[in-house]
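Two complexes, one shared chain (subunit A), two partners (subunit B, subunit C).
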Partner chain A sequence: MTGVFLAIVPAAIWLVFFYLQDRAEPEPKGFVLGVFALGALLAAGVGIPLVNNVFRTSHWIYTDTLTTILGGILVVGFTQEFLKYAAVRYSIYNSGEFDEPTDGVIYATAAGLGYATVLNIQFVVSNGGVDLGAGVIRIAVVALAQAAFSGITGYFLGRAKFESEQIWWMPLGITLAAIFNGIFNWLQGIVTQPRITLSGTTTNTWMGLVLASAVALATTGLILWLVRRNLKSMQAGK
Partner chain B sequence: MSDANALHERKHVWRDEILLIVSLIVFVGIVYTLDGTLQPAFTSSTFY
Partner chain C sequence: MTNKQTSLGDRYAEIAVIIVTIAALLAGWFYKSGVENASVPFSAEGISAEAPKGWLQLQPASNELLRATDLGSSGFGTTYILRNMPVAEAATAPEVANLLVLEHAQALTAFRVLDQREVTVYGRNAYELTYVFVESNPDLTHTEIPSVVRGADYIFENGEHAVIVTFQADEKNFDLDLSRFHLFLESISF
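And now, the complex of A and B:
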């Protein structure tokens, strides 16, 4: 139970902050939780079975560097990012509650954390539990990464709804998120690679957390800058 | 949807994201420290 509890903590932290701060013009809590649940359901019902049982990525994805990157982007990345996009696009997107460009980031982050929660529970369950120290780092890394990549899709969703974007706009957003996803997983594999030392083999799991935090901070900063730049240009054009 | 909403920005979105990152690092640090200090002995049933 401890492992499953730890897997839920990242989403719980975000939801608590969200509810504490979303007072001025609150998003309906039911919708945010609903999109979170939809992201989780799509991960459990479609994403994980597709990646693990249909594509069987664990059998071939770590064959060589090119396969790791391409498989990470084209199979894992596209599957995950499309499902998180679908969780928002085919639920709240057409509702009147999706009424600001930044709502794309909010709902996509909720979907991403739902997806991450199921990925983490599946990891704990399939391993029959995990080492507490390394396990909690992995759980935080997955949550940070999924939230960050969802933010990219959310930015594109927000603009797609409020501006008349070209037909390639959303495919571009999902593709960028999938590329970030695939490259991140490859980089994470490199920085946490086991190293043989005189005292034995060591895995550097902390580097994975450093990388995930840096990616999440950089992605948040980039999206913030893009949203503000876009709002300024829209205000100037009014 | 109104133009006013299209030009509005929920500023707390960014705070939430930053707080999530910082909190997760703190959370990992707390669990890691507790694990190292207390060295709890989990049975397969308690941890699974």
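And now, the complex of A and C:
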């Protein structure tokens, strides 16, 4: 139960953090929480069963580095990013509350955090709990990463709605998010894949976490820069 | 909350996203199939086969020629065993199956025969023995629940030998892993 609580707390913190970025015109909390719940439901009902039971990624994705990256992008990345896109596109996107490009990032990160919460609960339950070192940091990093990657999709969604972009614009957004997601999963895989050495088995837990955190933080930085640039241009427009 | 009508541009973008996602998932599926079905040639005592690539090949015991295990499997690791057992020339496949039942009953926990029958495997007459047993880590400090394992032995008569091809998988994975095993079965020649 403590593990499940630990799986939810980082997502809640990141949700508040991303929500506060939209200071100009804050979104209704109920809508943000609704999209968060939709992201979680799509993860539990479609994403995780598709990746784990249909594609059975654990059986083949760690065969070699190329397979880990390609499988991470084509299967895990596209599944997750499409579902997070769908959580926004088929709910709030046509609503009057989605009234500025930044809203795409806010709602998409909410969907991403909902998705991350279910992934983290699954991680805790399947491992029978988490340790207070690497396990908790992994949960926080996964939540941030899922929020940041869906933030990319959200940025493209926001621009697509208000700036009449080309037909390739939105697929490009999903593809970029899936690529980041795949690279993150590969780095995270370094955490979970034990290496057999003469002295026994070892895991590069901290190295994997540091690398995965770097990708998550870099993506978050990029998303925040885009959000703030957008807010400045809106204020200049007024 | 007021709803805005979806524009034509939004509709095209939505269709493009769906097409790109389906294309990526299909590419992922084909890539997965390529990785899962990859094989390495194996040959011993006049029997050749295409063993799964990337599986752990354990040291074969007694009359075993090959023992390959998928370490990526959840629970009991899916295992293929290829044996070339010496038998009396007059011995029939059902008699060999009875011998296997005795062997399994001595070696495996909670062993039960599910079915045994004559079958045709890729144009070759064979005898199929399906069974179930429980696999548990003997280390008392391990806390995981024992796995229920389903197994199938295919017995082929080959003169003074019986070629026995075994497939064992966790009960949850048995049906899912069966198609890969059929590829292995098809590749066996003697």
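The criterion applied here is as follows: the second predicted complex is superposed on the first by the 182 of 238 C-alpha atoms of A that agree within 3 Å, B and C clash if a C-alpha of one lies under 4 Å from a C-alpha of the other, contacts with A are read in each partner's own complex, and residues count from 1 in each chain.
Just so it is clear, a residue touches a chain if its C-beta (ideal position, glycine included) is under 8 Å from a C-beta of that chain, and two chains touch if they have at least 3 such contacts.
None of the values given here were measured: they were computed from a predicted structure.
Applying the stated contact rule after C-alpha superposition, one finds that A:F82 touches subunit C and leaves subunit B untouched.
In the superposed pair of complexes, A:A218 makes contact with neither subunit B nor subunit C.
Number of subunit A residues touched is higher for B, counting subunit B against subunit C. By the document's definition of touching, of the two partners only subunit C reaches A:S95; subunit B does not. Once the two complexes are overlaid on the shared chain, A:L6 sits against subunit B while remaining clear of subunit C.
Once the two complexes are overlaid on the shared chain, A:V124 sits against subunit B while remaining clear of subunit C. Residue contacts after overlaying the shared chain place A:Y62 against subunit C, while subunit B stays out of touching range.
In the superposition on chain A, contact of A:M170 is made with subunit C only, not with subunit B. In the three-chain superposition model, subunit A touches both subunit B and subunit C at residues 96, 161. By the touch criterion stated above, subunit C contacts subunit A in their complex at residues 1-6, 9-10, 12-14, 16-17, 19-21, 24-25, 27-29, 31-32, 35-36, 54, 70, 72-74, 176.
By the touch criterion stated above, subunit B contacts subunit A in their complex at residues 1-3, 5-10, 12-21, 23-25, 27-28, 31-32, 35-36, 40, 42, 44, 46-48. Interface of subunit A with subunit C (complex): residues 31, 55-60, 62-63, 67, 70-71, 73-75, 77-79, 82, 85, 89, 94-97, 160-161, 164-165, 167-171, 174-175, 178. Remark: subunit A residues 1-4, 6, 9-10, 13-14, 17-18, 21-22, 24-25, 96, 99-103, 105-106, 109, 124-125, 128-130, 132-133, 136-137, 140, 143-144, 147, 151, 161-163, 209, 213, 216-217, 220, 224, 227-228, 231, 234-235, 238 touch subunit B in the complex.
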